[in-house]
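Here come two complexes built around subunit A, the first alongside subunit B, the second alongside subunit C.
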Partner chain A sequence: MIIDLNVNGEPKHLQARSGDRLVDVLRDELSLSSLLPDCLSGKCGRCFIFMDGRLVLSCLVPAFKAKGSTIQSYEAFKDMPDVKEIILAMEKAEALPCAFCRTGKIMAILDLLGRSPLPEEKEILKQLDMVACSCTDPVSLVKAVGMAAEMRNKRKFNRADK
Partner chain B sequence: MTEKNASEALPLLSSMQFPGMLYASTIRSTVVRAKNFKITRPKLPAGYRCLIASDIMEEDIPLIFGDDFYLFAEKTVSYKGEALGLITGPDAAICDELAGSVAVEYEEEEPQLEWESFSSSQIGYKYAIDYGDIDLAFEKSQHIERAVYRNGIFDHHYSEPMGAIANWEYDKMAIYCASQWPSDVRRSVAAIMRVPETDIVVRPTDLGRSLDGRLWFPSIVACQAAIAAKVCKKPVKLLYTRKEDFLRTPKQARSAVTIKSATNEQGKLQALDIKIIINIGIYNPLARELVHQAAAAITGIYACPSIRLEAYAIKSNIIPLGAMGSIGATHAFFSIESHLNHLAKTLGKTPAEIKTLNMLAKGSSNFGSKPLDYEIPFAKIHKKLEKISDYRRKYASYELVKKRDPGCREGIVRGIALTVGYQTGQTFSNQPSMNAYSVETTLDRDLDLIINTQASIGSESLKAMWKTTASALLSIPPETIHFSPPDTDRTNPCGPLTLSRGASTVNKLIERTCKAIQKKRFRESLPIVAKVQTRSPKNPGLDKSPAQGNIFLDSASWCGTAVEVEIDTISGEPKPLAVWMVVDAGRIVSKEKALSSLRSSIIAALNLCTGADFNPEGIESEEYLRDRNLSLLDLPTIGIEFIESEKTSVARGLGELPFITVPAAFYSALTQALGVEPRQLPLQGSEILKLLETT
Partner chain C sequence: MRISEPYYPTSTAEILTLIRANPEIQILAGGTEIVGSQTTRALEFPAQVASIAKVQELRKTIRTEQFIELGCCTTLTGLLSLTPGTLPDPLPEIIDSIANHAIRNVATIGGNLCCRSRFMDLWPYLACMDAQVELKTPSGTRWASVSHLCGEEGKPSFPRMALLSRVRIPLYSYNFIFHRKLGLGQFPGRETASFVCIANIERGKIEDFRLAFAGVQAFRLKDREMSIAGKKTSSASKEVQAIIDDYMSAFESQDWFDRRLFLSLLEEAFERLFS
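The block that comes next holds the complex of A and B.
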């Protein structure tokens, strides 16, 4: 079947079989290398996408369900200031995730900061818990998310560094 | 990102593609042991191929790897899941499906699964040592205790499943795989292909978190991929599925450690009779190392005038089993620390009292070796740990609560325990290749520093630590420091980068090259190159002399860990409430990085303790798909302090310390909470409930 959808701002017509998962179709047809299908059961958190603005695990979405939807993967955000700030905050807080969970963690943080501009520690941990990789120290990660939120708010409200 | 920076990011195997690349899936045995088997080749679609032992031998490729491990079974089957052949083709999913549908007839025979009571044919390696008149000591002693401590099989949960790509590059074969020891991959593939090592180039891919599980097995997968590439004359990717990776790759070896001790009335050790049995599964080329590390660790903390020790690596018909987080030391510390806690209980003392009384001190030694001429900081660590964890008060109050409320009406029970341990900076191996590390550092004309070492396969935090070292010595910003791609054509052969052993050695080498550059900096024109390599240390060899235990302590990092746990008496689920750690790892290069690394390792170690024992027969649930059992919301409070000791000028490794001490402390805290000694790890909620019922 042919699935018409919008991926990272461009209209696409993707070829898929009835049982295909969205993650496989996006990776195989569009070479979106940020998606790392691993557990294929929604547990590892390495295949996050925004589907019509909601953060979803693309391994749990049948490809045909994406018909007509708007998909944004990490590739759509990687050059945006929001992501650059998250990466900078991670570096500053010594919270460097491994290459396997990096995009998953960034997507989860992006989603959180979009909903909650000044998240509390519990909120952060709950959000990061969706990415099951214990490569990074959670204390440093919480610190990094706090720093990223700070940078984002300063930029958004045009506040200079004190 | 500059070109120099871009070259540092290692690729992920799963994302790599080459023109015309084929995929390979492994045909695996479905029985544990067979004296004969026959494969019926399936009907394959065009472009697919079935490769079995006979096809490979026709190509004049040897099947045997190392001394006695077959890359593909030829006649006999030795464990469930053993590779019998490969299906290659252009679609990975179809290859998987075809490999699973291959019909194999087996002539089965009784497997050897028992390992605690073993036959002589199962002994992979044996080490024995004794000192002092142990029989006399036991005869004289009024207080003799004997107990067996068992450690289960733990899964590493690699960041990416095991795999390799073999690709043809004009006159060379390029191997892409995530290995802690790229030089070993090159050596192994060259041996199998019967070509000089220079005809093989290994380009490491991202290791992720490997916990010493990728020391030698990636060499086997690389050889299998290389064979397929040679036969098919195309690039081949052999990448395990997550389930296959869980069931068929090496795990931490299980062990049973029997300790018989004799003490005097005060609780001072008079004799120790120790038997260590480590089950290495069907094969482990580092069996000797495992056994020696365990033997040294178990006799390296507490002073005892008479010791008899026998340690065995035992083979059985299950997947290869090996190292995790430390090479054999976890088993040893878990057992000796648990035994000291047991002694404390039987002697009516606190574990802290017994341990302080018996710790090796300046002037003491084991096995009659030269007395220690420096103070091992255990007493200092212990004292500080007791203070920051409020150990004595908590220990006494939990004991009191147990006495007042034996029926656990409150629904929760708590326990706290302290352990001490160390990690050495050395291996015991005779192989020069295991202990050789080299670093070449160049300060180029742009004033960028290029570090060239195979060890740059390490994690981002490790590389960040090395950058901090170089940056501080040369007073240049960390952004101007880069690592060359760690492929084997650009770097000198290197030993394995284990959790933090190789890491601290490499840090020292980087220091030396930076100091050499600093000396020449304003005297010579740029670029300035400095190159150093380790000399292969003389093997102190536990097997050469019985008096070597203390040698390993010279380059050791020390730590003490306290764990406080709570058990819900309804569900039996143990919950770690807090972990405290006091560390002496010499000079700390970056405190923030060290804290961050220790915290994540503590959490990983706790996840192991609360996980399920691996069942080689199959999978009962899909829990293996997650790499942790503890939710981030349930994490304990973690407090870490560093102390300075006599040997603080050198930076030493600390990454293994949580894996060495946390399981022992966690177990001992559970013991206090439960009021009984389960003498095994890991412990699941259901098993704890049974134990609670017995109390």
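The block that comes next holds the complex of A and C.
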């Protein structure tokens, strides 16, 4: 079947089989290498995408269900200031994730900061809990998210208060 | 069996036409329950599937002073994003305990209630609240209590050829709330269950009492609930123990969950209620 959707700002017509998962179609047809179909059960957090503006695990979405949707993967954000700030904050807080979970954690933080400009520690930990990798010290990660939030707020609202 | 071509109905009328033509059609809103239970690369679906997540009329929310009415395709995140105070307690807490944020972005209230293999987290609370569901079939529409989604043997029972289109939740608040979720993991298993006990206490007297426990099966004793209503919260411990014993003997006859865990929840709830 052909699935019409918009991926990272471009209209696409993807060929998919009825039982395909969205993560496989996006990776195989469009070479979106940030998506890694690993656990196929929504546990590892390596296949986050924004679907119609909401963070979802693309391994849990049947490809046919994405028809008419707007999809954004990490590739759409990687050159944006939001992501650059998150990476910078991770470097400063010495909380750089491993290659296994890097994009998953960045996407999770991106989603959190979009919903909650000044997230609390509990919120941050809950959000990062969606990515099953213990490579990074949670305390440093919380610090990194706080720093990223400050940078983002300073840029967007010209303030950095908390 | 692999599906052929999924259907994308755009209205309730179209969904009902599909149901009439294919009584065994799988209606898919979020699809998290069906997909989450499969770990093979290729997903398996029934022969006919209809994706209804984008049917606008099934995403509407209506609020009156007495109730909130939600379209079945309202996502759990959508529910949580309603203005704080809109949903009665402990509904936001229950929703927040379901899976994780990314799954709640896709999972819907309708899907949570329509699961055929078990009761999901919302059922016990909505049953206690006497929430109603709108069931549309090719031959008509009717409203039924959420409790009717439970069969006589305490197992899920969903009417054939029906679409659960709306959920109506009364906005009545109870002043005693006890809710616990058992089990870990994003998707429920045999060890997962939800316990809800709500009551209204006025001047030391229990005016209204509801208790439901659900997992792979559901457990609720409406006649016992009626007998607890009217009791004083200062009732003698002997009397409270008799109620617990009553509940336990009925629960043990079902034998679908660890009785010790259920007993500890029951004791904790009653200890708080009768204190």
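In this section, the second predicted complex is superposed on the first by the 158 of 162 C-alpha atoms of A that agree within 3 Å, B and C clash if a C-alpha of one lies under 4 Å from a C-alpha of the other, contacts with A are read in each partner's own complex, and residues count from 1 in each chain.
The working rule: a residue touches a chain if its C-beta (ideal position, glycine included) is under 8 Å from a C-beta of that chain, and two chains touch if they have at least 3 such contacts.
If you're wondering where the values come from, they're calculated on a predicted model, not measured in any experiment.
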item: Partners on subunit A (subunit B, subunit C) - clash or fit; value: fit
item: Partner chain(s) touched by A:54 [first = subunit B, second = subunit C, both, neither]; value: second
item: Partner chain in contact with A:43 - subunit B first, subunit C second, else both or neither; value: both
item: Touched partner set for A:1, first subunit B, second subunit C, both or neither; value: second
item: Which of subunit B and subunit C A:21 touches, first, second, both or neither; value: second
item: Partner chain in contact with A:64 - subunit B first, subunit C second, else both or neither; value: second
item: Touched partner set for A:99, first subunit B, second subunit C, both or neither; value: first
item: Touching partner for A:129 - first (subunit B), second (subunit C), both, neither; value: both
item: First (subunit B), second (subunit C), both or neither touched by A:13; value: neither
item: Smallest separation in angstrom, by C-alpha atoms, between subunit B and subunit C in the superposition; value: 7
item: Doubly contacted subunit A residues - partners subunit C and subunit B; value: 39-41, 43, 126, 129
item: Residues of subunit B that touch subunit A when the two form their complex; value: 9-10, 12, 14-15, 159-161, 206, 208-209, 242, 459-461, 464, 590, 592-593, 595-597, 599-600, 603-604, 607, 622, 625-628, 631-633, 635, 638
item: Of subunit A, residues touching subunit C in the complex; value: 1, 17-21, 24, 37, 39-43, 45, 48, 51, 54-57, 60-62, 64-65, 67-68, 111, 126-127, 129-130
item: Subunit B-touching residues of subunit A, taken from the complex the two chains share; value: 33, 36, 38-41, 43-44, 94-96, 98-101, 122, 125-126, 128-129, 132-140
item: Residues of subunit C defined as touching subunit A within the complex; value: 2-6, 8, 28, 31-32, 35-36, 38-45, 49, 51, 53-54, 75, 77, 99-103, 105-106, 186-187
